[in-house]
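Okay, so chain A shows up in both of these, paired with chain B first and chain C after.
Then we have the complex of A and B:
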């Protein structure tokens, strides 16, 4: 059956696209763009079909080279990986359309090709990380992911980009090696790297070698924590995300760090299981780390003058929300954090892209220079406002729904203290998002007579922004269809 | 005596962890970028040594099956194979970060991270 080969075909499509771009000689930008649209379209179609297939019928197990899963690599497409690969490819297509419009701000014209090579290798590794059902293979894909993300930051020929990319590559590599050390310890205890098989063998391994298993969990959590910018390890994120081109920052903030969180979820719930985690008292650890991150990320964000650094710190806080849902180790909590991964992905993409458009035309990144911009660039600033209100958690935005689910999950888990933390963090969000909206729409009347001023941006930049704004509102008004898919995904992790 | 015996039996693992920690210290403490990259490589070597040691079987042979000599114990080749991949990965990361260091040296004229952050702070100050 062809369906079984679709996951590997997706990976091959991305990889061959990345290989074809350097071979194109003339008019690379146009042909590259068209080919990229075709590839993204094909992969979107096949991901959506896979999502439909695994939800209607059975999960797809695909063994590379036909080896036994004890020795070989297995790709597993279940409602979990199918859902998130679909979300990633759709978000990436939106960002791709935008990047064709702003010609990826700050990149030399002869490096567009290289940018798209990196973009497609990045997408390949994102898909690989989610599809693969093998711990060591995950490590390999994670390394491809970290090299390409670092390269996407340093592609901008700006001074700060190099030093922040260097700091990023160092932190990333510390994370990868800690993760690999954890894999080694688990391999020592069980003798396999296949995630499903380890999951079955781990209960006995935990009884015979508790020391190995606990240290493995610690190393893997620290490693993935560094990469996902979970609070005490977030130091690299604001620099890295703010010095990258706007399209890269939105990719990194909206997608890449979430994928590391998804790997962490896979490890916590598939390799380990809820009983072992409760036995090790991981619930308290995760909840406390998440709570501190939610507060501190927002506090740091308030102090920022640069809009992109502010958005970066806001991502640190939002990762805290996602971790809070995971830390409950319950069905409701995981459901809430999955929804928040999606809604934060949409909102952060919208924020970075609209801020990117404003930076592109206004040549300013300082928050204080945003006065009256709502009259000069109405579309960009409206989308920015919708997404910012979503971040705060106002009704009729997707942010409200995710906070609602998170709040009810916290009440179900009897964690009232953390409900308080959630509310305080939301209020802190108000403190740094609302002033920008007020500044842009209500201050500085001298611009108001210019109501007719039309945005100069091409429709390929405006279109994705409008689409993102609509999606945020749509998800806030009727989350039910997507919740069914999320429920199916959660069922594969917590039976 | 038993402690000594334990140490001798597990010398590979202890050595691997020691190498890992030495590398970690270099990455965290030093501010010279080349030294930090070297530290990463040392850390990686520690992990690889650990991984390969898991596959070792005392008295085992290299896993090349000889039909004339049945009943021979072989070492587990799988960790070694995985580590081949791991070495390639670390080499590519090293290449990328070294090329980044070249770019940094070209633009800033230094490869010391402390000097770099001082320069950045000074620039920031001048901008204001």
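Then we have the complex of A and C:
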């Protein structure tokens, strides 16, 4: 059947698109843009169909070259990977449309092609990381992901961009290597790298080589923690954001760091399992790390003057929320953190893109220069406000729903202390998001009589923003359809 | 930048064909001996870099132009993907080798291993062009700034 081939065809489509762009360099750039949009559309359709297929029928196991799973590379499309690849490709399409509008600010004209090559290779590696069912193959895709992300950060020819990209490379290479070391230790203990097989083999391996397994888990968690910007390892993230173009920032914050969290989830629940993790007292470790991240990320964000650095630190706090859900090691917790991955993805994309539009026209990144902008650029600032209110967790936004699920999951797990942390962190969110909204809409009367907006942005920039704002509200009003898909995804991890 | 030393120029002229032949040898024997597409491509690319170093960027790009290396870079991977897709078309999965009907050949000879020699050639093309492309990019960067 053709359905079986769809995952590999998705990867091939992205890769071929990246290969075709340099060949089209002498043609008008519009051709490349349209071709890229066709590719994204095709992959969206096939991802959505795969999502429908695996939820309705059975998961798809696909081995490259028809080799035995013990030796070959296996792609596994189950409700988990199908759901998140669909989310990624839809978010990426929105960002893609926006980037075609603002011509990705700050990039030199002859670099546009390079930007889109990197974008499609990035998407291919994101899909690969989620589809693959092999620990070493995951490493290979993670490496492609790190390199392309680094290039996307440093694509502006500026000194600060290079220095932050260098910091990113150094930190992330440490992360990759420590992940690889963890894989090597697991391979030593079991002799396989296939995730499903290793999951079965580890039951006995944990008895015979407990030391190996514990060290492997630690290394993998630290490695992926660095890449996902979990609190003590987050140093590279705000710098990377402040110098990158806003489309790169939104890709990085909304999608890339989430994928590392998803790999961490795969490793915690598929390679290891809840019994081993509880035996090692991982619940306390994860919850404490998440709690500290939630508080400290917000505290740092309050002190920032640069809007993009502020959003970067806010991502650190939000990764803490996701980790809190994972750390409960329960069905409800994982459900909440999956929903938060989706809702934070939407909100952060909206925040970065609307801030990007404001930066594009006002040429300022300082938070204090936002006064009266609500009257000058109503659409961008409204979307910013909706997303910011979602971050705070007001009702009728997706942020409220994810905090609700997270709160009930915490109560079910009897972790009342962390419920307090959640509330404190939400209050801290109020402290840095609300002043911007007040500054933009309520203060400074000198703009109020100037009712004509000067919003001249092209519709390819406004359209994605409006869509994101609508999606945030829609997800906040009726989360049920998505929750069914998320429940199916959680069932593949915790039976 | 060119080297005006006659010894370097003459020796390079003599050595280059042999080095390139060796590169091709390593690529073609990838499936039966140590080496393969990457190692052989690196050798081939190095010979092109040596030529550019000795005779200058202009003469170098006459031998292997920027446009050609661009096409070769994309084309190498395209070839790889196409060979993989043949397996998919013939009823197996992506990159299926012998089960899809690629001839197994005689063990230990050049024409064996089904599609693996073809894949090695594709990788060789890609690595060769990437080597020379990276080198040219570094040179041009130095000229501009």
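Going forward, the second predicted complex is superposed on the first by the 491 of 495 C-alpha atoms of A that agree within 3 Å, B and C clash if a C-alpha of one lies under 4 Å from a C-alpha of the other, contacts with A are read in each partner's own complex, and residues count from 1 in each chain.
The rule we apply is simple: a residue touches a chain if its C-beta (ideal position, glycine included) is under 8 Å from a C-beta of that chain, and two chains touch if they have at least 3 such contacts.
Please read all numbers here as calculations on a predicted model, not as lab measurements.
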Simultaneous placement of chain C and chain B on chain A, clash or fit: fit
First, second, both or neither for A:154, with chain B first and chain C second: first
Residues of chain A touched, compared between chain B and chain C (which is higher): B
Chain B versus chain C as contact partner of A:169, first or second or both or neither: first
Which superposed partner A:5 touches (first chain B, second chain C, both, neither): second
Contacts of A:438 with chain B and chain C, given as first, second, both or neither: neither
Partner chain in contact with A:16 - chain B first, chain C second, else both or neither: second
First, second, both or neither for A:302, with chain B first and chain C second: neither
Touching partner for A:62 - first (chain B), second (chain C), both, neither: second
Nearest-approach distance, in Å, of chain C Cα atoms to those of chain B in the combined model: 7
Interface residues, chain A side, partner chain C - complex: 4-5, 8, 12, 15-16, 19-20, 22-23, 25, 62-66
In the complex with chain A, residue positions of chain C that touch it: 70-71, 73-74, 77-78, 81, 84-85, 87-88, 92-97, 99
Chain A-touching residues of chain B, taken from the complex the two chains share: 20, 24, 27, 33, 36, 40, 43-44, 47, 50-51, 54, 78-79, 82, 85-86, 89, 92-93, 96-97, 100-101, 103-104, 107-108, 113, 116-117, 120
Residues on chain A engaged by chain B in the complex (per definition of touch): 71, 136, 139-140, 143, 146-147, 150-151, 154, 159-160, 162-163, 165-166, 169-170, 173-174, 177, 180-181, 184, 187-188, 193
